[in-house]
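Following this line, the structures themselves.
Two complexes come next, and they have one chain in common, chain A, joined by chain B in the first and chain C in the second.
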Partner chain A sequence: MEIKHLSKKFGKKQVLTDINYTFSNGVYGILGPNGAGKTTLMRCILNLYRYQEGSVTFSTEEGDIRSQDKIGYLPQKNGIFSGLTVEEQLMYFANLKNMDKSLWEAEITRVLQLVNLEEVRKKKGRKLSGGMVRRVGIAQALLNHPALVIFDEPTTGLDPEERIRFKNILRYLQHETIVLMSTHIVEDVEAVCDHVLVLKDGQLAAAGTQEEISRYADGKVYEIGQEEYVEGDYIEKEKEIEGKGIYRILTNRPLEGRAPETANIEDGYLCILKNI
Partner chain B sequence: MKMYWKLFARSIIRKVLMLLLIAVPLRPLVIRLSYVFQSPDPIGNSNWIIYLLDFFRTLSGDYIYIFILFLFLAYDYFREIPDAAALEIVKTSREERRHDCRQALVLWTLLFGYAVILCSLYVGGVMLSNSTMHALTPELVWYFVRHTAVYILLNGSIAIGFAWLISRCVGRLVGYICVILFAALFSPIALSQIRGFFIVNSHIYDWFQVCFIMPEGLTNLVPEVLYPVNWSIAARGFVWIGLIVLGLAGYYFARTGKRIRWAGIAAGICCSALSLWYAVLPVSYYSANDTTGERDPGYDQFRYVIRETPQQEKEAAFRIESYELTLKMGRQMQAEAVLHPDRKGLECYEMTLYHLYRIDSVTDETGEALAYERNGDYLTVYGRADGPEEIRIRYHGGGALFYGNRREMNLPGWFAYYPMAGFHRIYRSEEYQYEKNYAEEPARFHIEVDAAGTVYSDLERIEGNCFEGMTTGPTLLAGFYREAKLENGVTCVYPYLETALSPESNLFPENRMEAMEILEEEGLGREKILFCYGGAYGVPDVFEEDRVISATGWLVFVTHYEREGSLTERHEKTEEEKFEEAVTVVTESYRIMRGSEEEGIFVYQDFENTYLNQMEEFGYTETDMETFVLEYLGEDAWNDIIEWRKEDGN
Partner chain C sequence: MYIKKYMIKPFCTLYFQLKGIHLFAVIPILGLYLILPISHYIAYHFYQNMDMLYMNIINECQYLCPILSVWWIFFVLEHYVEEDGHELLYIGRRNKVVSLILLYILFLLLMIPLFVVYTSFFSDLWWLYAKLIIIQWLYMTILYCGSFLIGKINIPVIITLLYTICAIMGAGGISYYQPIVSSGIEFVQEMRGFLLAGILLMATGCICNHFFPEHNR
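And then the complex of A and B:
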């Protein structure tokens, strides 16, 4: 998938500015603060929004994935048809994806196994818990072996066990699918994403592998005592060791005699956001 | 499609709405059937058509329930997708439009099925009854189909379309508010209010009529005419369909920017604009819900009695020897009248032509324009020294009560739908009645009518709807009319939905025989009788001409003859005669109420009103009612009346 010079305005407000990126199979995490343009970018990719400039092209060896209904999407909030059973819901979406009817049964079984919902297959929507509803949402996105899957805040509402299961699903998908996942939870990105895109004020501020993003914070992460804090340091975390307050900070000032901590993706992400 | 049906069926709200949809038409049907089969009165069984018509009218009046229930049903069904937060997923699919269309198709199939069942109920009801089988004509079936098409299918489609659009464009709560407002806007009650509000400015009201997609003001409609469905009502439906298409095209193609978006938007705009233009054009139908001001059937009372519009009476200085009338029936009557006056060279030719006909041109035999002046119901054509030999008048328009359209006509010969020599009053204000204007001497008429169905006239039919003959005023009828030969050979043209008039009906046979004897006595036995709609708005009960008598039946015909001693003359009534007439009205109303008493509600009140209206003039009060009833109707009748009073809760 290739995004070229993508720009989007809402009225006079510029929401996305000249986004360029090429995606290949793998899991991509889209990070950014609220209002950075994450959801707008995904909606532009999905053609839910009309954009003023640029293009989004999809191509596989088989051709355009749009015309093959090979796109899976899980919106930020997904619900359920309260009167239909889990199986019927998935039939509904399989129908929407123009799947051959003879394949429905096997495909529904496959995705239900992936999200661990086989035992509630015949249960009506109104009887499912919030986490189950989210998993049905994930299952519908995976129908028809999509070439592109877009998850908007996918782990919201999942318990820790299901989070792990979801991450496993992503690992399973990463070799054959482009997975785009927007999230606020950096740990989720850290756990499963091969690549990270950081959006800031509608612009692609940084993109690369986890290591590449982490490198933005190389030599800028320190753990200091509270008394060493200087205005301008960005406090990332606060902890207490033996009754003494310790800050994990991001800073550009040199701290003599101190070795910087190993930077992780969160550090890199924050350095990009805070221009450190 | 199975999945969409499943989705539709799995909802408690929709199940309840469907049950309501089925229950509403069944209720009046059950009541009527139980009444017909349990009625001890023989009239009950032989008067099936009245009950069926009544049932049909109830349904027609309630078409709004179909509209409202489908509106909510459709909204609830279309909301299923956004409520399940699946709208975004649906939108990402290439199937989005097809998917939504399938939802609409489910609803439209239901609507179609419902319409077919209701239509079959009407037709089946007529077929099943021995006494009304004869009334099942292609015109009647077509009428039912037209009603079904407009009031159920077209308006139901508006409901579905609106719900579809709203469910996709706004949130649940705002959507419900929109749906409720939309339903309220089209309810006959709201329309009456709007009508009252805008009556002061009929121009605004004309444009506001686009909301009038339902029958409004049901009280003035009569069974013979039923509810007229005309193209302007259908056009209002298309205005809304156009607007909805416009909205949906905007919604679906906003993201794609394809040419098809513009095609959809252009189609929506064209459909709305054309329909809007058509919907607000004045029409010549008799239709209480389609008219305002001068096009209202009751407006002539207002015009001549309340507003006291001056009327003139002036004997003509000429006589029209022959007429050639070419009438093209449509939304309005397009007419060309070629008149041959007996005198040439008059300074002016004064004529009467009902004011709702607009003059297009007046020419002489060479095609040269003649000067003319139009003043209300009067037309003055200025002649010239050497002519004209003929006056050719082109005009168009139509009345509300005496109307003509492609399929239905009610144009009595005494009504100035064609130019009549001299100035005549149209309305007799003091008696709240139309004036019957006939020429003093018969003229030769040649009439060609371009209409969809069979037209009936007192003149001889040459071929098709072409008539010729001598008359003092030609009558034209079309619609639910039929021709039959009576026992004495008299040809009778009657509205077949009115069983009291039907020679095939067994109602009042003694009155019919008596009427025929009267016709024989009067030397009118070989004439043709045309019944045309009388009823409300001061149309005379009995037309003082042997050809046309009232639609109120043979009984009135006989009563009139007995009272007047003649079919053709009317004399000033004495006080005694007036008293007798009032007593007859009250006693007849008792008999009619006894025969047609339904569920016992308000019968007493109706009777009391009739009694007071008629008898107060002669000094009778409410307390004298018992004395009056015992004297003129007997003890049994009084017992009936006491019973009615109890049922009315008095």
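And then the complex of A and C:
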């Protein structure tokens, strides 16, 4: 999938500016603060929003398949028919994806196993918990072996065990599918994404592997005592060691005699956002 | 393939959508085959007069059928415009008018057995059926256009309810609840405005529907 010079405005407000990126199979994390344009970018890719400039081309061996059939999408919130069973909900989406009816049974079993919902297959929507509804949403996105899967804040509402399971699903998908996952939870990206895109004010501020993003913070991460803090340092974390307050900071100022800490992806992400 | 995509798939989609609303799905059938016949029976039993039965059929059908005809459409539109994650339904095929027209036709088909019985007593009641085809079309297009225009279903529903109440009370010059017409020319003269309004609302609705997920963000 290739995005070229993608720009999007809502009225006079520029929401996305000149986005360029080429995706191949793998898991891509889209990081950015609220309002950075993550959801807009994903909806432009899905053709739900029209963009003023640029192009999104999505080609497989079967040609351009940006139709519902081979795309999986999990919106930020997903509803459910209260009167349908889990199995019927998935049949509904299998039908929308133009799947052959003879394949429904096996495919629904496969996705229900992936999201660990087989036991509630015959349970009505109104009897499901919030986390289960979210997992039904993930299951519908995985129907029909999609070539592109887009998850918008997928781990919202999942308990820790289910988050781990979800991350395993992404690992399983990464070789055969392009997976885009928008989130502001950096640990989720750290755990599963091969590549990271950082959006800031509608622009692609940085893109690369986790190591490449972490490198933005190389030599800028320190742990200092509270008394050493000066204005302009960005406090990332606070902790207490033997009654003494310690800050983990991001800074550009030289700290003589101090060795910087090893930077992680969160440090890199924050350096990009805060222009450190 | 063509038949599957454009014929079977919409019916299958509707089947799940109606099943999804559970017991609410049977309300239009109960209205047509239980409430209307009971009302006619009471009217006849009370007055023992065929003229009163005739008037009761005309009045009750015009009060109830348009509202019942958009009952399923209301739930399906709610699913399309208000349900969490409804944008998922706009990947690929955007236009939702086919589902609504199928529901409109389904209700007209359900009305046929009732009108076969009515016309066995009063032959000119086919004109009432023809009239309801137009009025129900108008109701459907008000809901379709309104819900895709403002991204909410409740306001178009209030508009149709107010319209019905005004029509029943004869307020605001809305006068479709009149005694039955008896010729083609009379029918065209009376109903052409409603038909035209329905066509305009449908066209506007299609445009709003086409731009919907973005227009409603």
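One rule holds in what follows: the second predicted complex is superposed on the first by the 274 of 276 C-alpha atoms of A that agree within 3 Å, B and C clash if a C-alpha of one lies under 4 Å from a C-alpha of the other, contacts with A are read in each partner's own complex, and residues count from 1 in each chain.
Criterion: contacts are C-beta pairs under 8 Å (C-beta built on N, C-alpha and C of every residue); 3 or more make two chains touch, one makes a residue touch a chain.
Please read these numbers as outputs of a predicted model, since none were measured by experiment.
Peer 1: Check chain A with both chain B and chain C modelled on it and let me know: fit or clash.
Peer 2: clash
Peer 1: After the superposition on A, what does A:W104 contact: first (chain B), second (chain C), both or neither?
Peer 2: neither
Peer 1: Contacts for A:Y21 in the overlay, against chain B (first) and chain C (second): which applies, first, second, both or neither?
Peer 2: It touches nothing on chain B or chain C.
Peer 1: Could you tell me if A:Y229 is touching chain B, chain C, both of them or neither one (first, second, both, neither)?
Peer 2: A:Y229: touches no partner chain.
Peer 1: Can you check which stretch of chain B gets into chain C in the overlay, out of 1-9, 307-315 or 433-441?
Peer 2: Stretch flagged for C-alpha clashes with chain C: 1-9.
Peer 1: Just which bits of chain A does chain B share with chain C as contact spots?
Peer 2: Touching chain B in the first complex and chain C in the second, residues 46-50, 67, 69, 71, 73, 75, 77-79, 81-84, 88, 91-92, 95-96, 98, 125, 140 of chain A appear in both lists.
Peer 1: Inside the complex, what are the residues of chain B that reach chain A?
Peer 2: Going by the criterion above, the answer is residues 3, 6-7, 9-11, 80, 83-86, 88-95, 99, 254-257.
Peer 1: So in the complex, the part of chain C that touches chain A is made up of which residues?
Peer 2: 4-5, 9, 12-13, 16-17, 19-23, 79, 83-93, 213-214, 217
Peer 1: Note which residues of chain A are touching chain C in the complex, please.
Peer 2: Its residues touching chain C are 10, 43, 46-50, 67-69, 71, 73-79, 81-84, 88, 91-92, 95-96, 98, 125, 137, 140.
Peer 1: Hey, which residues of chain A end up touching chain B in the complex?
Peer 2: Chain A residues touching chain B: 46-50, 66-67, 69, 71, 73, 75, 77-84, 88, 91-93, 95-98, 125, 140.
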